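Two complexes follow with subunit A in common, the first pairing it with subunit B and the second with subunit C.
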Partner chain A sequence: MDDVDSTVSEVIREEVDRLAKANVNVHSMNYFYDFAKGLFSKRLDELHRSKEKGVKVIGSFCNLVPEELILAAGAMPIRLCTGFYGTTLTAEEVMPRLFCPLVKSSIGFFLGQSKLFRVVDTIIVPTTCDCKKRLGEVFAEMKPTWILEVPHNTETPQARDLWLEELKLLKEHLEQFMKNRIGEKKLREAIELCNRKRTVVRRLHALRGASLPNVSGDILLAIHMLYYDDAKRGCERAEALCDELEKRKKVDQVLDDDLLPRILLAGSPIIMPNWKLPRIIEDAGGVVVCDDLCSGTKGFYDPVQAQDWTMNDMIIAIAERSLTINCPSFTPNVGEINRILRFVEDSQIDGVVYHVLQGCHPYSFEARAVETALKRRNIPMIKIDTDYSREDVEQIRMRIEAFFEMIVARKEIKK
Partner chain B sequence: MISDVIGRFRILLKKTAFKISQRFHDRLRMIKYAELFLVLLIVSSVGVSSLADLEIGFAYREMLPSELQRAPACSVCPTPVIFRIVPDAMVSILSGHIDLPLMTFIGLFIFFAFVIFSLLVPSFFCRYFCFLGAIVAPFNKVSALSILKNHQKCTDCGACQRYCPMDVRRVKEELYESKVNDTECIRCLTCINVCPEKALSLNLLGEKIYDGGSRKWMT
Partner chain C sequence: MIGIGVDVGSCSVKVVALKDNVLKFAVAKTGVSIEDKARGMIDEHLGTMKNEEVALVSTGQGRHSIRVANRAVTEISALVMGARWFLPSTRTAIDIGGQGIRVVSLNEEGEMVNFLISDRCSSGTGCFLELMADVLGTSMEKISNMQLSAKPMCLNATCTVFSETEVVSLIARGVEKEGIIEGLYLTVANKTAQMVKQIGLKNDVMLCGGVAKIKGVKDALAKLLGVKLFVPDNPQIVIGVGAALIALKSIG
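Let's turn to the complex of A and B:
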């Protein structure tokens, strides 16, 4: 079963090549294409090498796990969310069938003895949605796992206290595990590095909707890859991409077609080999101007805002930031709807494509609230229920094309 | 200002501000209004009785404790400790009088209590004991200098509330109105400086004069 990695790499290569073919000579993107292709080969080898030098690798799920603490402890963080259909089948031995495909896929990699399994030393799983909770249980049988208790009604002061305590415990745990004290200086550096990453994502976010050649799919990939890349290197490459795009923005202004549907992509995470929805949108002529995905802008949107830079202050700032992420497992999650409405207004969105993975109940529920809020603004929304398999590509294509036709017709009438 | 300086020491000592729970904060806040009421009561009673009859007024004033006779407001304030009581004590020690009045010790005690609390809680005195703040508070509503919030930019991150020395919640919680002057606000502009989205700005008669300037975090 050693070929899990090579099978995924094959699938990823196919997807990325398709993206690269449509590229409009943005050279900085080459790094991200190569990185995506090597996600399960080169990147894991790299982690393996640094592991031999004694650096520990800590795997995590969700945006609620503070990357800053892991970096400050001197470990390498890696996101374990995967989007490969092949491994979901192996996971069904231990997981129920009607379950989140993301979770199943990730467990499948571990059951299939992928390199990912060998590289990771410990795993941090937050109790956000039900699937993640169970995931922690299953992982605990295989690897040392730290379960991070997440409060769900985040507006109450007691929930904030709980979350703060939980992060302090995590910090202690990391210190023990790494045999390395997290000092103020280290934590501050880690926060500044992560904030730099967030700044870059904001820049990319702003560039996507500008009148450029259609690079929306590329930017979605670049932001997505920042979750997996080494923080510093990823930052530098993404900054180079920003600079190139800004230069291009001055030289050629192509995306001036008023009739192109400008799309906001929201909902369940879209993770690399499972790139079917962005691809269908691009094929149908839509531009993803904005995204609000867990695997995209959402995790990078808000900065950690510390001022005193004392230990406690920094941890409070990290804790407060994680609770403004608008995870759909929070209740009530008004922030999410406000954010989508703000994106709609800022980027002149014509329609929202809401991606829901089968078994992803939090997003499935939230779709209704988002739709009612959008209806008031007279913005159409389409909810796509799907999973990692490719059986339904053509059905989705039909629906998306019809949706876009409707948008274009509306725009023509407005004109 | 003294508590600001002390607050700097807090950061140097690497201590995080002590957080007072919201309900307790709302109760403590009332102390300064109670103080204002008492001071006004004493002053006006002396004034009215003197107006009615100078003799009775004078006698009534004599009945009050000596500290309240001269300046009733100053009895709660730590400022005279530095500027009057300590110099007085110094002068009397230098001129050979060792026996100091009891008021000096009480004043010093209050002063050090304030210093210690200010180390724990930012602008402790302004928050709960400054009755001048209580006089000024209502005028926040009609102030020429006002803090405006751009709801389009705000992402509800809560940084403004977290760093507010007066623990003002309205800046964060206001959802519709753009003018977010709270009665407790002392215009220290911390919220404007700390806002990562530049959603807050200081306006003078509707003219924007400050929005935090250039900072590292971009929008």
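Let's turn to the complex of A and C:
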């Protein structure tokens, strides 16, 4: 079988096997390795089986689409962001070439008749960046697509009103689509489940910053997989991972080489199997002790804080939460700068690696602001402009190695 | 104690040996069996080193292909060390090599504070100039020594392939060769100056790498930046010297 799903599975297997090989006997990671390897086979088959039983599958992009509403409506949510170079080429047949590789990759899966395309009943696309907007237009030709209007100057009252109205409309739309009313009880359960996921991600965030044996690459993968897994099962597995790491922390030999560069990875999303940058960082001896990627910690950072759990209160809380995500399509987006500075301090970061995908103007511009803020704190940053292809691996490796040599030299002087 | 630096660049391999501040070096075209070549160059050019404590550090794009090296460092770290050895007051070092431009910024203590590397396109580098010299029916050696007084042609393209098309069309229009060459120098200088300005210009400024041997490029860049550029006698070995210094340091 030579279809797109088996091709991408092959590439994912190679990346994941490499991570698994370096594993320092953290057994709870096995679930996440297997899950990642089965993303385009087992996981999609599972969704197909639910579909046969009459459950609807709703695909979405971005952290601005509230998973709570999809769950409360009784549907299965699945993230459609993909990281496969092969399908970007398929998409270039119909899309402009100098465009976001994530968007191209996802469109390519649909054009290539992936199971992913067959399994989703409808798609929700938020109008965050321009590439996502265009993606919505292309998808609308193939599947029922709901465009979620996202305000950008999020600090104004009129933006907040618009966003609240948009979420109320989305709720109505989902109710009609699912022929199922979203009640207070169901929404509360969904919020609590999603918050549970956010709690476990915060635990993982705290654990990777502590001096454990080097499991940083594994944690990045585990958090990333939570975007694709069943919410409840993902939570349970991630909680088990936390428990194991906490136990290990007490008995294990910890990372005691204080010359290792402690890295914060931020910027454009890093999506399996596009594990190019994390892999180069690890090969060069860096440890990603923290990330602020919208394919990682960023989407799970803040919980939904409902007060009295009435329908109106819950929708307002969901709306407020999503506007604290610090999406780079927001302007201004000072929250993001402050969060990065806080992460740098809390996790004793030596340097920031800022990933920018080709055509990702929001992150490319934000890189400037982040670098300026970091400079004031004397924290070096390197911006890596790249895409999903492999052709620039050696050049990126050189930049990253040089960046780490600079960091280590600084640390040696400090010592 | 001898420190050996092997700089495996995209166009040439530079082998440098340092002993008590005395320098020996050899340069050859990068081939396929890089390690054999480097070993051959050490044996042939750098004299006997028996009974000596030797450390070898590799650098450059092919740094990981030298397995006998005690350590591999990037050309950025090597450039910092090398530039300081040739000119201790260096605060900005610019290296224009075969396939890349590197700019490093040093603080008052001579420590690196920032660096920039040109992106994956090799326009504005040695390879680019070599290719263009070929298109113009001449060679790098000849264009390096050419006395130029023509008015530089404005070349717009930033990509080697597009530049070739542009140069070919200029030749077809009957534009004099000298004007085109000066235009090429200006293209290289412009791209380099842009990077230097991005990182922040600080005196003293060193220009090195193979392309630094071309006076036309040096003059154009000095003019664009409005500063004096220091070019060592053998500018292509600065990174290799840096690697040799790192090797010496590792012996102690």
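Annotations for the structure displayed:
Here is the rule we use: the second predicted complex is superposed on the first by the 412 of 415 C-alpha atoms of A that agree within 3 Å, B and C clash if a C-alpha of one lies under 4 Å from a C-alpha of the other, contacts with A are read in each partner's own complex, and residues count from 1 in each chain.
The rule is simple: contacts are C-beta pairs under 8 Å (C-beta built on N, C-alpha and C of every residue); 3 or more make two chains touch, one makes a residue touch a chain.
Bear in mind the structure is a predicted one, so any value in this text is a computation, not a measurement.
Look at subunit A after the overlay: subunit B and subunit C fit there side by side. Judged by the touch definition given at the top, the superposed model places A:86 against neither subunit B nor subunit C. Contacts of A:413 after superposition: subunit C is touched, whereas subunit B is not reached.
Subunit A is touched at more residues by one of its partners, and among subunit B and subunit C that partner is B.
On the chain A superposition, the C-alpha centres give an angle at subunit A of 120° between subunit B and subunit C, rounded to a multiple of 10. Touch criterion not met for A:285: it reaches neither subunit B nor subunit C.
Contact with subunit C, but none with subunit B, is seen for A:401 once the two complexes are overlaid on the shared chain. In the superposed pair of complexes, A:308 makes contact with subunit B only, with no contact to subunit C.
Of the two partner chains, neither subunit B nor subunit C is touched by A:74. Using the contact criterion defined above for the overlaid structures, shared-chain residue A:338 touches subunit B, although it does not reach subunit C.
Look at A:380: by the touch rule set out above, it reaches subunit C but stays clear of subunit B. With the two structures overlaid on their shared chain A, subunit B and subunit C come no closer than 28 Å at the level of C-alpha atoms. Judged by the document's definition of touching, no subunit A residue lies at the interface with subunit B and also at the interface with subunit C. Interface residues of subunit A, counted against subunit B in their complex, comprise 157, 184, 195, 199, 202-203, 301-303, 305, 307-313, 316-317, 320-321, 324, 335, 338-339, 342, 345-346. Subunit A contributes residues 380, 385, 391-392, 394-395, 398-399, 401-403, 405-406, 409-410, 413 to its touches with subunit C in the complex. On the subunit C side of its complex with subunit A, the touching residues are 61, 73-77, 100, 111-115, 117, 119-120. Note for the complex: subunit B touches subunit A at residues 11, 14-17, 21-22, 152, 155-159, 162-163, 190, 194, 196, 216-219.
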